[in-house]
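There are two complexes below, and they share subunit A, which is joined by subunit B in the first and by subunit C in the second.
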Partner chain A sequence: MARIRHIVFGVMLIASLSVISEDSVVFTETELGFIQSHGPWPPVFEGDSSNRLSGDPRAIVYGARLFSDLRLSRDGSISCATCHVPENNFVDGLSLGKGIEDGVRNTTTTSNLAFNRWFGWGGDADSLWMQNIRPIVSRAEMDGVQAVRNLHESDLEFGGWFMELQGEAVQQSSDEEMLVLVGKAMAAFLETQITGVTSFDRFRIALLSGDQRQMQRYPISAQRGLKLFSGRGQCSVCHFGPNFTNGEFAETGISYFTSKDVDNGRFSGIENVKTSPLSLLGKYNDKPQSGNADKTRFLRKRHDSFGQFRIPGLRSVAETGPYMHNGSLETLHDVVGHYSHIDLDRLHTDGQSILKPLNLNTTEIDDLVSFLKSLSDDN
Partner chain B sequence: MNLLKALILVLVTASVSAYANCPDVPKDFISEDPVGVPEEGASEDENVVVHYRTDPVQIAVGELFVMNLLVCAGDEPWSGTLGVDASMPAHGHGMNYEPKVSANNAGHFFAQGFLFHMPGRWRFEFSLGSEAGTRHVYSFVDI
Partner chain C sequence: MTDGKQVRNSAYKHLVLIIVGTLLWWADGLAQAQHNFPGLVDAHIHYSHDAWERTPPQKAISLLRKAGLRKAFVSSSSDQGTQKLYALDPALIVPVLRPYRKRGELGSWMYDETVPGMLKSLLASNYYAGIGEFHAFGDDIDLPVLRAVIDLALEYRIFLHAHSDSDAVENIFSYNPKAVVLWAHSGFENSSEVDRMLSLYPNLWADLAFRFEHERDGRVTSEWRRLFVKYPDRFLLGTDTYTPERWYYVIENADSARVWLQDLPSEVAHNIAWKNAERLMESLGK
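And now, the complex of A and B:
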């Protein structure tokens, strides 16, 4: 009798499981652990201790104005917002950034940077304000050091902001001091640019709390994609945490040859951050005693960093193509296809054991893309 | 009965006094022995034990952490050198950060500059250097 009851119960269980599996996916413990890491969103941001202007409302307004002012470039033709277009998720939609000259890297979005450990594809900067200085100085991008000085000398409003936040006029400041202040003000502005809550975030909360009804609002294809992302695909290992990046660097078999040369990615990034007077180890760090420079101090020089690039965060990724450091992949389908058929012989670093050709079928590719699309703010 | 008590007392005293000469091993430290065959001539280090505690104790992915250590060779504090590193054996990669170890008195060490950038199984590698050569002690943590 007891046995029959067991069998009947077993049949019922199987029947009910198969009903559930039509409109919801079952996740393993490991997958659930990764999914849990992908939130809550947005994480708490406690301010940037290296930047005394972080969170300062005057600096945020001033920084926003600087960001979209064409007068920051040598010939008055380019602002930060020319490449980081605010109405377009802070990207330009091009494969490679185009400033005064053609660039060699894809323009990253300037959203969600408050949570970064390193900045730029090679992690050439260890603070947001340090990263903001690079395009002004770069000949190929804005070549605007003198232009920034002229702007502050000729425009009373900008001169006034500078005076107020620096405690001295731009005429009294060296180029480096001027650029640091401008970089810090723009950092105060960019820190406030955080993408919104997405349908993925709502699903994550529902899943973790067992709210079946809310879970069903999330497309089944995105659920299957999430299972692949956090499970067999191992994507979550690198694209970890609330912003879908563990903040470090990896090689994924994308060519590091450029039209001119090679882009050795993280290798130069480490070199730059270890030697630049603008890094957190230098005198412009506003609170070195807090230990905020430890990541730079203990950063290891390694040969296998050659050809590694930063693991990009994936929030709003559907809106920020083309993809990869060199913009060589046009669509999310292309990116997923790349991972599906990844050529391990092209990887020369130790990361091979995480990435394997996934040999996804077309439904699985669509599922992953549908999941990636659910990382965009749906309002 | 009394005999049993006495025996327990002896055992307890013995285990405490094993630490007494390499003092202050706090209870919440993790202790690890060297693995593998001791290298030739290393016999005097045979009872070397690495005691450590990370701070914070619960390591979080992507957060820098530090480590306090006490190294004992038998009853004596370790007088040789200590290096500490960590890696993820399953992935074949180490840390992108290079910890620095400073020696304090009587076998106490402090190491800083650790960052585990992926979840999973990590392995601490302690290198104990002395005139007899270098010996390795390993300890696994899952995060």
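And now, the complex of A and C:
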């Protein structure tokens, strides 16, 4: 197997070396390995085994309607789409989200959630459907448990969908059962929100197959940025795979003070997911025998969980600012600048040794930003 | 009342009972732990300039008290932070002198030949129990600045709080076997290496800051249990507030320690909880 891998890399290396010119960049074997891992896009999504509604066309329609309905919030002022604006790559463009009250975290895009392992900046949920319930219940966000019940009791169309998918009327369901169904239906909808193929994906295919003509369509600046991303910058170690995330959590030297105290991120996230009856360890997991709850079962808090936040995927990243868990970095230039001059004193010396100050020059910062911009669907 | 509402109310009652039961169980366990270990010593706290900007001294002291600490070994970059806390609560704070004037010097301080002079001046005017936490690895100990720091610690009969690998600690004792070292994070070494080091060097003490291998879900792992029992008077607790935000972790860490300490023989647990820190101080005449 290792031999085959070496042969493949060898072919890739020869393919890339054969096109050395001022319009192309030469990648090392390690860099090519990372680049190969960033595709194909989109990966095959086999459905969420914990959600019996995953892939169900009726649930997708119902979930889409729920996602955009203001009547899910206590005062009828907020829907999921209020913060996750479909016309704006499913973000609100604010530093901190704003529900019924002001939030303490940046709103993330709801694109490509089908491929997530954990959900929310702190990983408070271990399934997409569990995550969908959180803002409805949260007093600061939608505070909408009674509102969801009212919606299904008063609107025949919603009541009908509920009846059809739950097998009983909302009046016969507990709040928890009702919320689980709503969460699962919205998850079925959100699983369909996958971003498109990008100029990076076309370059990747061309690079791996030695298609020089196609390779040269990818801007040289983005190529240099990709080399930094997958090489010296070591960005690909955490931003790994087709969705540019390893799905886990990291401390990246960003302050996590809030106006009151601190947002300890993953530390509380682990506690929440381990104690919630809505996690995959609970009775609402539709296929526990598949082992889909193992990731939660073996989860435990560590000292370094305190202040860690989820490593986000980077597809469409140019359209989803501001950045970081608290929206403290306005632009991609700010983000690259942060990593370029990262304060090592903020990272434990035996912790994130991947992160080191890169001291990038202006051109290199521009190159990295150019590469990141190429992760957006250019159609 | 409809059937649906009855089902809902019944489910609610069950949920409330489960939540209340869980809370009572958890509170009882924590209360028991706090009863057993009312006053811990945290041997690894920093209060550098960015910490005192965000968490003023009064608030910092209240967090330490809330964590139920009887003593906190505090160092800071610069030393001002330590002095601010010591002035406010000398019964709680054990000052330790950090050789850094500001953040960002942990990889360069050993080449700064003005450091020994700065330390000498502060040692002459303030009370300290140790010098550290400093970062030094391997042959760094052979550098003139490190040698001077070790000499100062011996002159003032105080310990060295060393964030170091085994090689560096061995180099310290090779330079002067009379040095007393508090080994930060137990060197992040595995249990067998910690065992080897403690058996070789009687003046070596080890803090458990930022270590998690020794416990799992409140139970002490077998290899570390053997180590704690074999060296009942050498381990200390610690948090390591290496960012200002981690001041809010001191309480969590203390609560967590109280739980796993209960899994050890009582005498060993009390030693790690606070007695070993007192012994370290006493051994130096503090």
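Going forward, the second predicted complex is superposed on the first by the 355 of 379 C-alpha atoms of A that agree within 3 Å, B and C clash if a C-alpha of one lies under 4 Å from a C-alpha of the other, contacts with A are read in each partner's own complex, and residues count from 1 in each chain.
Note that in this section a contact is a pair of C-beta atoms (placed from the backbone, for glycine too) under 8 Å apart; a residue touches a chain by one contact, two chains touch by 3 or more.
No experiment lies behind these values; they were computed from the predicted model shown.
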{"item": "A:75 touches, of subunit B and subunit C: first, second, both or neither?", "value": "neither"}
{"item": "Touched partner set for A:37, first subunit B, second subunit C, both or neither", "value": "first"}
{"item": "Touching partner for A:300 - first (subunit B), second (subunit C), both, neither", "value": "both"}
{"item": "First, second, both or neither for A:330, with subunit B first and subunit C second", "value": "neither"}
{"item": "Touching partner for A:117 - first (subunit B), second (subunit C), both, neither", "value": "first"}
{"item": "Partner chain(s) touched by A:241 [first = subunit B, second = subunit C, both, neither]", "value": "first"}
{"item": "Overlap of subunit C and subunit B interfaces on subunit A (superposed complexes)", "value": "300, 302, 304, 349-350"}
{"item": "List of subunit A residues in touch with subunit C within their complex", "value": "169-176, 255-257, 261-262, 264, 267, 277, 300, 302-304, 306-307, 343-346, 348-350"}
{"item": "Contacting residues of subunit A [partner subunit B, same complex]", "value": "33-34, 37, 117, 237-238, 240-241, 246-249, 291, 294-295, 297-300, 302, 304-305, 349-354"}
{"item": "Interface residues, subunit B side, partner subunit A - complex", "value": "61-62, 64, 90-100, 112-113, 115, 117-120"}
{"item": "Residue ranges of subunit C touching subunit A (in the complex, touch as defined)", "value": "2-5, 7-8, 11-12, 15, 54, 103-104, 106-107, 135, 163, 185, 188, 210-212, 216-217, 240, 242-246, 248-249, 252-253"}
